[in-house]
């Protein structure tokens, strides 16, 4: 009887594989078809520009560079002796070091840095992975984002109402860095 | 001197070639040599095409079982993927270990390749489509395909690699022990056909629709067919009996040190062997080229590919046996069963309880 | 006839070997096919994560520890957050706890599905590998939707979770739970009763409960040996005491039992996820944590039940914003240690089966 | 045993050997003397009430002044656990191996020996295994050891 049972169980296995033989593939052909990445997907780091003026949102506050666990962000922003204000000179992201943790995005209070769902940036030269401010801004031009900065001129739109993706009503990224700002 | 070719449709071509060459006035010996050379090249090309097709087919089947696409890039559904792969392997550097046993290492894939192709001398592809209808056909096939073991053992030894050696040893042990039940199940068929000739075996299965096929001659036919199928899987070193090249244990077994075209020879030989055992199964059990309406060679090819398909389904469904379980399965289960079956068949033949 | 001389030989299984799941080297002393002695050599993946963590602030440690055990990175996030919360006595909001449990259990399933595939692959069955990955993909999609990454999540933070789930998460998660529940029959049908599978796994690598406890083996291998010890029940963390689930145990402690054990754990995880989805409350997702997290000086050992065993972090704070010491302990570390005991005297194919059934993942061992 | 019972029991039975530390935040944390720890460990293992048969974790700590070794012990049967901490001098730190009691300590001790340079007496296999075999650059987990390619991160948050 054991033999018959074994044969039956072997046939069950064949049945399962045979059943799948007629089904459609669930994989996709990558370069032709592409997966739509979720809104929150953490891919390339970009610098965001103001939607109206087209200038960088970055104020060189160094919060992202400090939050980065791998030291992938290097900001060159000398402090003005008189006004004590920093001016952004260089902003380098070493994608070879970046671990795509998203801490920089959370640390930023000015909607200046963001991880985008873009992911195709492989190169044959390792040096090409180090992106400077121009490249970062260029890649980030078409990135849509919710401007949570407090505008002095126009009445600020409620961040939750302006959410295009219908995200849950708690925009967490602002909650924590706000506190960091106070201390920093 | 006429070529030893039975009557057939395609063979007319060779007859014609022979006649043409003879009429030109070439010496007889040259006519024969050229005819055979053309025949050999033709068979080689045919088998290469079959092997390449099987590789592609297996990749497609495995992909669809696993809900993937498989090769899709080159041609319609990647139909010439294997050709490109073969070309790639041809161009690849032939990496050789310094400590190899040079002649053994070199000749192993050649022997494997040749042994795989030799069997086709005596396989009837259709009514009359046989290179040479040897009167000891099946015996010859079993004899030459056994060369494969030697080649695998050579590959294992010549590589001077422990994994390869283990693989070679395993393959020798496995093939030798599975040869016994295989022959016992083949003998069951020979008992009824009364001949070792492949053509005669097929002819003995004509008539009565499909009920004259050995696989339907209950009770011994199905048992012999199943045991043959199992042993055939083992002979071709395919999962669940692929211990000689068990990827996850021995990395790749005997062919771990081979690269480039030498590896391709092993690889293609495996698929040719798979086709061989399926063709034998078709000839012996599934009525060979017998079938209505369609040309005989289509029936033969269809049945063979069906058996190949079953072997592929085995491979993509089952885990691998362990080496000692494999031996136990052969000696403690298959050998008694096949011999009991043989005795049963003999007794039924004696008592004339068969059709 | 004179007696021929025989000798044992050594085989290097690894560092690059299809069945060592990463880069582990097993030095096998073999007598023909039989393994006489196994000596594991590890450290090929040593990245000094503990040292790196000592130079990072607490929030920065979490993405680093994602790489500690990347198959269940959620657990690594969680266990560090748990330790830090215990150090600073942070109360985590209700909703965050539910989200954590959902994520942890989904991740456990993902890990077990990966294991299901790879262990079948190790024993030569290739198709289950793809089937396991197919369903794992559903879970990874959920993770990506929530936190943006598929493998290194950085989702569970000190005091809560990083972001709330998107609205489409819950229906998708329910769908995934349903799909996996359905596909379980495929997995079981392919291997459970398969005579070849049983022959390969039954009575192979039998681990007695005494041996398991002595070597500190934890997780499914421990429970497969018959020891009913699950940290979710024995040292409850998070809100596991609110859910109805069983702790399955097996009797024999062989490879087959470990296989069955994991499949049953997937089913239990499915139960927990369904219950957590039903009970998910509204509310905050993160407790008030100061921007510069400086826990008071103290030490704590936080542990949790990971898919590979006990995942623990011994965290020492000296009052600054960087930990003084992060000692991590992965389940695989002890589970691999017991391999030489289990594999002695068996065939090389059995060593592969045992290795697969213990579910070793090398980054967790080497750190 | 609950945590309080355990504390009570240890206070009565092991008052001289295990000194409670107030640094422990979740589990009971005790300090023990390094010299006689092996005997104490055996006692804890064999004690019918405690039965610490399960070694969860073992690791070295460098506090810049001294080495510490932490033993996270648990009992499967009784379902309780304690942490025990040993203190060792910075120079010639040595400790007895406990792998006779808990065989699982083997690798932990080996790792501690390798990364901290704490010698483990009576260990059967003190060989390098996390670091390369030809490593000669000291003990990397010590606080005074810095990687040659160490990049200092910008000081966070301050």
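Each chain gets a letter, A, B, C and D, in the order it is written, and its residues are counted from 1.
Heads up, the rule we're going with is that a contact is a pair of C-beta atoms (placed from the backbone, for glycine too) under 8 Å apart; a residue touches a chain by one contact, two chains touch by 3 or more.
Please read all numbers here as calculations on a predicted model, not as lab measurements.
Colleague: Which number of steps is the smallest that gets you from subunit A over to subunit D via touching chains?
Modeller: Each step joins two touching chains, and the minimum needed here is 1.
Colleague: Measuring between mean CA coordinates, which chain is farthest from subunit B?
Modeller: D
Colleague: With contacts counted as defined, which of the two, A-C or A-B, has more C-beta pairs across the interface?
Modeller: Answer to which pair has more contacts is A-C.
Colleague: Just the number, please: Cα centre separation of subunit A and subunit C in whole Å.
Modeller: Taking the mean C-alpha position of each chain, the two centres sit 27 Å apart.
Colleague: Averaged over CA atoms, how far is the centre of subunit B from the centre of subunit D? Could you give it in whole Å?
Modeller: That gives a centre separation of 63 Å.
Colleague: In angstrom, rounded to a whole number, how far apart do the mean CA points of subunit A and subunit B lie?
Modeller: Distance between chain centres: 55 Å.
Colleague: Centroid from C-alpha atoms only, then distance subunit B to subunit C, rounded to Å. What do you get?
Modeller: Computed from C-alpha means, the inter-chain centre distance equals 45 Å.
Colleague: Please set out, as single numbers or ranges, the residues of subunit B touching at least two other chains.
Modeller: 65-68, 316-318 - these are the residues of subunit B that touch more than one other chain.
Colleague: Would you pick out the residues of subunit A that each touch at least 2 other chains?
Modeller: Where subunit A meets two or more other chains at a single residue, that happens at 10, 13, 16-17, 20, 26, 67-69, 180, 183-184.
Colleague: Multi-chain contacts in subunit C: which residues touch at least two other chains?
Modeller: Correct list: 56, 60, 127, 134, 190-191, 194, 196, 291-292.
Colleague: How do the chains pair up in terms of touching? List each pair.
Modeller: Pairwise, the chains that meet the contact rule are A-B, A-C, A-D, B-C, C-D.
Colleague: Give the list of subunit A residues in touch with subunit D in this complex.
Modeller: 62, 65-69, 71, 180, 183-184
Colleague: Would you tell me which residues of subunit B are touching subunit C in their complex?
Modeller: 62, 65-68, 162-163, 166, 170, 239-240, 242-243, 246-251, 315-325
Colleague: Which residues of subunit C touch subunit B in their complex?
Modeller: 9, 11, 17-19, 33, 120-127, 129-131, 134, 190-191, 194, 196-197, 199-200, 347-350, 352
Colleague: Enumerate the contact residues on subunit C facing subunit D in the complex.
Modeller: 41-43, 46, 48, 50-51, 54-57, 60, 86-87, 89, 213-217, 227, 229, 234-235, 291-292, 297-303, 310, 312, 314, 316, 318, 321, 324-325, 327, 329, 333-334, 337-338, 366-367
Colleague: Which bits of subunit D are touching subunit A when the two form their complex?
Modeller: Touch residues, subunit D against subunit A: 151, 153-158.
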